[in-house]
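In what comes next, chain A is part of two complexes: it sits with chain B in the first one and with chain C in the second one.
The block that comes next holds the complex of A and B.
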């Protein structure tokens, strides 16, 4: 069977202004649908990406709304990969914790959603500036990730 | 996002339209704070026309809940679509918020308390 998507990439660069979140959500949701994820899973992926970008705005850029965020969607036959690049304060992966759901308090739910929804979460701090966050969601009809996958978080 | 507040019998009903995210949640936070500061202790948030909520919106609701708990008030939610309800379910916030299918049910429960 011919592949629908070899390695198509959709990239958008936006200012770190929360008003653009709705635009990115729309792009992510429709791309997931295009890849034949169910509407439910597409909504979940959209939420995970929204939360990741919210964290960039709040923590990497300290709510400075004029910095750059680049979101790349990599369309693969078996998965959707989302790369979120920022140039702000580096993320220390060891400090990123989702909160205990029994501890009811504002905050901390974003990381919980990201890890709950996505199959692979990887914070790449190797760039000289900022962080590259890689999120992967596999299509269930393509099976789980290759050996060694699913452990990025 | 638009918020229309209807005050009736010591209860404020928030009719919210649109998406509640990092961009919009400050508006909801401000409206909740103003309402609580006016002395209204019972707040119902009608989600009939809410299309989306993220953790910023949820955090705003938890803040509102805490403020109302301090004054022995209550916050109730109603009329969520399934997508919104799923977000509450997966974050286990269904356990701490009183969620109703209809506005009438929620308002009646305020009266019973």
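The block that comes next holds the complex of A and C.
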């Protein structure tokens, strides 16, 4: 196996302003490509991260654009791990609902995309302040991915 | 995102260039609402130069589709790029929208 990446981490801290989403999308997409994900999968990971950060801005920070969001990309040989840390209102995972796709109406699509695309989605609310969202996408050439994920739905 | 619009008596074609996200979807809505207010209710959205959309963009498209229909018209799409193709494949939205390969086909569909 190619061992270019042992545990490299790329971290960026941005204000909770949607205008920075373009920057983060660019970083995530290019990092996924660097890890040899296909363009299609890299675009999907980029979308999942975009949706997750949009939810942080909307729900954790109530559209306040001056709070801090830290995005860390952990480059592993078999996966890309993305950590999204906020210091706003804690996320209650039991309240997060995906949309029923048979119901053609706006809303809930973001969570649907995150769960559809990523192999692992974990909301860690143990920090004293805010939430740490962990998203993992496994490389398909490193063995079968865990339950869930793009191919499992 | 850049938006350019050309209209004839029957159909308005709206070209989108860039990314459709939380911020630009509001800009799109204002443009389409203006068209509909001026009774240009048959609309083609040309995605040839639209490289990205997130769920906020899709939400806006659904809302505008409903608005066009409620106004007696229709909102059709053309020239979806790969990322948009993925999004529409993820969802059931292909069943909702009329989607064409290019602008000419989409415009012609209004006169059939």
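Definition applied: the second predicted complex is superposed on the first by the 142 of 153 C-alpha atoms of A that agree within 3 Å, B and C clash if a C-alpha of one lies under 4 Å from a C-alpha of the other, contacts with A are read in each partner's own complex, and residues count from 1 in each chain.
Here is the rule we use: a contact is a pair of C-beta atoms (placed from the backbone, for glycine too) under 8 Å apart; a residue touches a chain by one contact, two chains touch by 3 or more.
Here the structure is a predicted model, which means the values were calculated and not measured.
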item: Superposed partners chain B and chain C on chain A - clash or fit; value: clash
item: Chain B versus chain C as contact partner of A:130, first or second or both or neither; value: neither
item: Chain B versus chain C as contact partner of A:43, first or second or both or neither; value: both
item: Which of chain B and chain C A:88 touches, first, second, both or neither; value: neither
item: Partner chain(s) touched by A:25 [first = chain B, second = chain C, both, neither]; value: both
item: Contacts on chain A seen with chain B and repeated with chain C across the two complexes; value: 18-19, 21-22, 25, 40, 43, 47, 50-51, 54, 101-102, 104-107, 109-110, 112-113, 116
item: Complex contact set, residues of chain B against chain A; value: 19, 21-23, 52, 54-56, 58-60, 62-63, 83, 86-87, 90-93, 96
item: Complex contact set, residues of chain A against chain B; value: 17-19, 21-22, 25, 40, 43, 47, 50-51, 54, 57-58, 101-102, 104-110, 112-113, 116
item: In the complex with chain C, residue positions of chain A that touch it; value: 18-19, 21-22, 25, 39-40, 43-44, 47, 50-51, 54, 101-102, 104-107, 109-110, 112-113, 116
item: Touching residues on chain C, where the partner in the complex is chain A; value: 19, 21-23, 52, 54-56, 58-59, 62-63, 82-83, 86-87, 90-93, 96
